[in-house]
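Each in C-alpha cells, the structures are laid out below.
Paired with chain B in one complex and with chain C in the other, chain A is shared by the two complexes that follow.
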Partner chain A sequence: MSEEGSIDYDFDEDEASDFSFESDYDDQNDNMIDTPIESPKDKTDISKLAKFKKWTTKEFINENFINAAVKLQNLQLPQCNLEDLLIMLHQLKWQSEEVINNYYDNYDKLMNDCGIPKVKNNVIKEKLEYSCPICCEEYDNIKTFQLSCGHEYCINCYHSYLKTQLTNGQLIRCIDTSCNLTIPHLLTQEIFDLFSQDVRDPAQDFFEVPTANSKYAHNMLLSSAARSYINSKKSKYKWCPAPDCENLVELVDNYALHLDNDDDDFDEYLSDEESTLLDPSTNNVKDKSKSPSVDRPIDISLTPIVSCGTDHQFCYNCQYENHLPCPCNIVRSWIKKCKDDSETANWIEANTHNCPKCLNSIEKNGGCNHMTCRTCNYEFCWICFKEWSIHGSQFFKCNNFDKSEKDAIELNQKQKRVSLQRYLHYYKRFAVHESSMKGDMKALDKINQRMESFMSEQSKQNLSNLSWTDVQFLKDAFKALTNGRKTLKWSYCFGFYMKELIFAEVFEQTQEHLNRVVEDLSKIVEEINDKKNNDRSTELIMKNKKALISLTNAVTKGQQSLIQCAESGLKEERLKFDLSI
Partner chain B sequence: MHPFHKRLLKEFKSLNKNPLPSIKILSNNENLTNFDFEIEITNGLYDDKLYKLVVVITKEYPVSPPKAKFVVGTREAGESGSTGTSENPIDVSSDTMQSSYKIPIHPHIYSNGHICLNLLGDDWTPACTIESILISLQSMINNNTDMTRPPDDNRYIKYAGEFASKDGFVYHDDSV
Partner chain C sequence: MSLAKTRLQEERKLWRKDHPFGFFAKPEKSADGSLDLTNWRAGIPGRKDTIWEEGIYPITINFPNDYPSKPPKVKFPENFYHPNVYPSGTVCLSILNEEQDWRPAITIKDIVLGVQELLSDPNPDSPAQEPAWKAFAKDKELYTRKVKEQAKRYQNYNA
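The block that comes next holds the complex of A and B.
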C-alpha cells in the first residue's frame, strides 16, 4: 500500500497566540529562509510562505532573554533593575506578559517566588580564619559568598554547587535548603569567572562599551536556560543536527504562533504520529477523516529543508540532514528498516544454520539434506536438525517433517532471500556514499589546511597574494561534493521504495549521471590529497582548477536534476512508492 | 581518602556524639564512605520495628546526594534498637532467635529497597547531611498510613540498577 498524499495544514486560525517576545522579523530578512508551504485555508495559494529564522545560541539569548528584560525596563517596568527583571522573566519562563501581570496583580508572591529580597546585600568577600559549614575545611584565607540572607559558604563550595545546578537551566537558589533567595545571573558568572582558566583581556573590556548584551555575553546560566527553553518548544525550534553546531532554526509565521499555544499537546502528537505536521508526504491526521482514501501526489518541493547560520542544510521536519529526493515518511521508514536487526536475522535465517551440536554456523550450498558439520563432524538432517542416524540408513526419508511444511519453509526462505538481496543492493550503495562522504570530508579538511598554510607562507615571502577569494572554487568544490554525495545517498533509499514504473528508468539514469560526476570530482580530490603528491598539492590544485570548476558545476547540476526528476515524477505520478516492501 | 573527608568526619563525630533517637550506626568503613544504619520506627502499622539502611557517599558528595537504600539481611538477636538494652544476656528467649531485616512497606519504597525521596535527588543541596536523610526517612515511615508499594513497583524492580538513579525517577506525590 502506498501512502502518498499532500499536506493539509489544518490549524485553527481562531486560536489566539501569545507569542511573547516577537521582534520585528521583517527587519531581519537576511536571516529568513523562505520555503513554500501551502496555505491552510486556500490550498491553491502558494504565495503564503512558511518562514524560518536562523539563530545562533548567542543571538537567541540576546534577543529573547536580554532584550526582553531591556524592553520591560524601558517600557512597562522602569522601576525595576535589569537583574531583577531577568530573574522574573526566568522564573516565568521568559513570558514578558506574565511578568507584567504578576508584577501588578501579585507583587509579593512574585518577589517571593523569584527569591528577590527587599534589601539586597550579596557579598563575595575575603575572609581570614574561616570554617565553612559545607566542606568543613578551616581556611586561613578564603573568599566566601553570601546572599542577603547571610547564609555564608566558602567560594569553592559555591562554585561546585553552581556547576551542578547549571544542568537543569533553572534559577539557582541559596545553598541553604530552607532559603529561597536567588543568585542573580551576573553573580553566578562572577563566581564562575573566579575559577576560569582563561583570563579575559582587560584591554578588550576597556574598549568595549558595556551594554546589557555585552555584560551577559558569556553568561553560563543564560546559556543553560536557553537550552532548556528551546528543548521545551520542540515544534517551534529545532537545533541544527550537524555535529558540534550550536545554531538553531525557528519556525516563524502564523502557523508557528498557533502551535506555540498548545506546545505540550503538539509535542505529544509529534511523538505519537512522529511529526507529520510539515511533512508533505503524509496527510494531516485531522484531514484523514474528511478524505480518507484520496491519494494525492507527493510534492517533495514542500519538504522544509532549512539551513542553519553556518550553512548546514537539514530537514526541519525530521531534524535530520537534507534527505532530498526522499520525502520525510520514506526517510523514517528507511531509518527504521536499517535499524531493525531483523534484516540481519533474515539474512542468517535464509542462508545459514547453526550446527545443533557445536553451534558453529553452516551454510547450505547444495540440495542434499544430509549434513555433516565441518567443525565437529556431527551428521544431521537439514530439515529437522535431528541426528542423521535416526532417519535410517535408507535413502533420505525424513518423517519428522511434513512435506507441505517443508515446501512452505523453502518458499519462505526463497522469498526472504529475494527481498533481502534487494534491500542489500540499495543499502550497500546508500552506505558506500555515506562512508565516502566521511572520507571526502577528511580529505577536504586536509586540503584546506594545506592551502591555508601555503597561502600564509606565500604572503609572508611576498611571493603572491593568493587570497581565499582566489581559491573560492576550491570551497565550492568541497560543498558540491558533500551535497552531491548526500543527494546520491538518499537517492538509493528512494530507489528501494520506488515502484517499477517506466519512468523509474529515467530516474536511474539521472542517478547514474550524478554518480559519475561525483566520483570524478572525488577522484581529483583524492589525487590532490595523495601522500605521493604531498609537496605538489597546491600546484595540483591550481593545475586542476579548470577541471574542478567544471566538475563542481556538473555535480551541482546533476544534483538538481536528480531532485527535479524525482519531484516532477512524483507530482505527475509517474514515480510511486511502495511502502509495503 | 574522600576529598571532603573533613566534612564526613564532622558528620560522623556528630552522629556518634549526639545519636539520633532510634537510629544507630551498625557499621561503617574507615574512609567514612559506606554506612549501615539501623532505623527503628514506632508506626503501629508495621510489624517489624527495625530496618537496615545502606548509605554510600559518592565522590561528588556533598555537591551530590549520597546513595541510600533499604536492604534485607539477618539481624543478631539482642542487638535490637537503642531502646532494647538486654538486661539479662543469658536469657534464652525468642530474642536469641536470628531474625531478619525486611524492606519496609511504603508507597515510596520499592520492594528492592530503592527509595523515591526528593531529598535524595533534586531537593538535595550541599547544606543537607546524612542526618537529614536519616531523619526524613524515619519520619516518612513513621507517618505512613498507606501500606502499599509504589504503583510501578513490578516494572521498576525489573530494570533497576544497584541504586536508584536520579535521572530515571519520577517523584511520586510528596504529600504521602
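The block that comes next holds the complex of A and C.
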C-alpha cells in the first residue's frame, strides 16, 4: 500500500475508508473516466465507449474484499463473524454468490476446505523454557502461537513461515503437515506486527473510529491476495506502470453493445486492433471482404489512455506510459527496434565486410588492401574479395574489378548507413527527452520540498496568508513539463515511422514549437534549482510566477495541438506510417 | 549457530533414535573430516510387493541456508528411471516444492517416506522425463522391465 501521494490522493482515501454500505452510484461515477462518446452506432469505436475506474490497492481491498464480507454479514449470513466470512471469500476466490451457495448446500465441506474449526482457540502465549519442534531452539522465554488444533510453534518460526507463504496470495494454514486449519487474516497481521519496526502513531488510532476497514487497513495477507487476484484477471485490471505506483485501473464497461459481457470480447477487440494495425499492408489490403474495417485510417483518439489515482497517465492497451501521438502498434514496433540488436546489426553491415572464407566481420581501419583474416588466416584482397595469391607477390595491383558488383555492395552499404543515421537521429532525441524527464522530476521534487518548508515557516510566523492554492501553479508546471516531455519523446518515435508527405512538415513545426516552450519552462526550473540560487529559490519562484504560469499554459496547449495535429493528420490520411523501416 | 544447523542436528538425533526399517540417512563428511549437516546421503528401499522392491535407491538431500523455511532439494543419480524424476535426478514431489505443499514441520523421515511412496506410486500428471513417463502411460510391460532392471542395479547399494 502506498502511503505517499498528493493531497488529492489522501482525500480520496479518506473518502474510501468512510465506509458506506451501499455505495451510491454517483459516488462511483466520480472515479470513472469517461471517454467522449461521439457515435455510439459506430461499432469500431469500442474503446471510445470504454469506462474505466481508478483504484488504489487499498480501496480495492476495502471494496472487493472487506465490504464484500461486511455485506454478507449484514444481509445473507448474519450468523457468521467477519473473520470467517473473509476466509470463506478468500477460499472461494472472492465470489459472494459462491460463499452463500456453498454455505447452505455444503456447509461441512466448506468449513473443512476453509479450515474453520467449530470451536476457536487461537492463542499467542508467553512461554518459559520452550523447545520449538521446527527450529529446535531451546528458549528460556519465548512467545508461541497455536491455532485451535494445538500445534504449537515458536513465534519466530511462525513469522518466517508466514513471510514465505505470503507470496502466493492464498490462505495460510497451520504449519503442521496434516493440519488444515487456517490462520485468520487479523492474526497473521498481529504476528507480523510483533516483528515490525515502525510503530503506528497511537494518536491516529485514537481519533479513528475502528471500522471493519480500519481493522484490516494494513493487512499484508489481504494485499497479497489482492495482488494475485488482480494478476489473475489481466484483461479487467491493469496496474499503473509508473514506478512505485500501486494503483490500478479497472475496465468497467468496454462494450458498445452490451451483448457479450465477458473478457474474451475485449481481448478479441485488442488482438483484432493489433493485427490490423500491425499488418504493414494495412493500407492496401487484398482481401477486403474478410476484414472490412482494415482499410480505415488510424484514429489515435481511440487509444485507451487512462490515468490512475495519482495522475499517472498510461495506455490501457499497452500498459505503457501515455505514448500519444503514437498509436499502439508504432510504439510496439519502436520498443522492439530499440531493444533488439537490429541497429547493431545495421552498423556492422554498414561498416564491416565479412571474411570471404570464414565470414567473420572485419572492420578495416587503415593499412593496405592485402588482408589477412585474424580468425582463419585467409589472405584476400579488400578490393575484390578474391584470394590474395592471384594478385602476385609484387606491389598491389588489382585488376579483378567488377564494377557492377562493387557498386551494388556500396549502394547497399550507403543505404544502411543512411538508415542507421536516420534511426540515431530520432533515437537520440527520444532518449534525450526521456532522461531530461527524469532530471526535471528530481528538480521539481526539490522545489516542491523547499516550497513546503517555506510555506510551513510562513504560516508558523504568521508572515503571510499564502495558501496552497496560491502555489498550485507550481504543481501545474510540474505536470505540464513532464507531460509535455512525454509527448515530445513519443513524437520522435512518431517521426521515425512517418512517411515523407507534405503534411509531415506541419507536424514537425508543431513539434518544434512544443520543443521550444518545454525547453523554456525547463530552463526556469533549472535556474530556480541552481545551487548558486539556493537561498533565493522561493524568491525566484514567486518572481517567476507569471512566466511559469504562462509557460505552463503554452506547454499544455502545445502538447494538445501536437496530438491533435497527429490525430487529424492520420484520420484524414495526410500523415502515414511506413512500418517497413 | 544458524537456524538450519540447530534443526539439522536435531533431525540427526531424531533419525538415530528411530527411523523406518530398511532406510538409511546420514550427513556427508566434508573435506576436513567433519560432518556437513547441509548435505545428506540416504537410501530408499523399494516397497515390498512392488516392482521396485529389490533395490535400495540412493538419493542426496541438500538443505538450503534458510531451511526449514525453504525445502531441501532431493536428487537421485542422473538419468534415474522414474516418471517424476528429472533427467538431472531432481525429484518432482509436491511436499518438496516451496510453492506447493512444503511446510517447515516436514522432517527427513517424512521426506524419505514420501520419496518411497512416489517410487511405486508415480504421479502421471507431473511428468519430469520422457522415457519413463511415456512407458508408464502407454507400455506397462516395458516400464516394468526397465524398473526391474534398475532395481537389480541398485540391489547392493548401502551405506
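The definition used in the following text is that the second predicted complex is superposed on the first by the 434 of 581 C-alpha atoms of A that agree within 3 Å, B and C clash if a C-alpha of one lies under 4 Å from a C-alpha of the other, contacts with A are read in each partner's own complex, and residues count from 1 in each chain.
To be clear about the criterion, contacts are C-beta pairs under 8 Å (C-beta built on N, C-alpha and C of every residue); 3 or more make two chains touch, one makes a residue touch a chain.
Every value quoted in this text rests on a predicted model; they were computed, and no experiment measured them.
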Next item on the list: Evaluate whether chain B and chain C can sit on chain A together after superposition, giving fit or clash.
Entry: clash
Check: Thinking of the overlay built on chain A, is A:Pro133 touched by chain B (first), by chain C (second), by both, or by neither?
Finding: both
Check: What is the contact status of A:Ser160 with respect to chain B (first) and chain C (second): first, second, both, or neither?
Finding: both
Note to self: With both complexes superposed on chain A, which partner does A:Asp176 reach: first (chain B), second (chain C), both or neither?
What the structure shows: both
Notebook entry, point to check: Touching chain B and also chain C: which chain A residues?
Noted result: 133-137, 151, 153, 157, 160-161, 163-164, 168, 175-177
Next item on the list: Going by the contact rule at the top, pick out the chain C residues touching chain A in the complex.
Entry: 3, 6-7, 9-10, 66, 68-70, 95, 98-99, 101, 103-106, 110
Checklist line | Interface residues, chain B side, partner chain A - complex | finding: 4, 6-7, 9-10, 60, 62-64, 122-123, 125-128, 132
Note to self: Per the contact definition, I'd like the list of chain A residues that touch chain C in the complex.
What the structure shows: 133-137, 151, 153, 157, 160-161, 163-164, 167-168, 175-177
Notebook entry, point to check: Where on chain A does chain B make contact in their complex?
Noted result: 133-137, 151, 153, 157, 160-161, 163-164, 168, 175-177
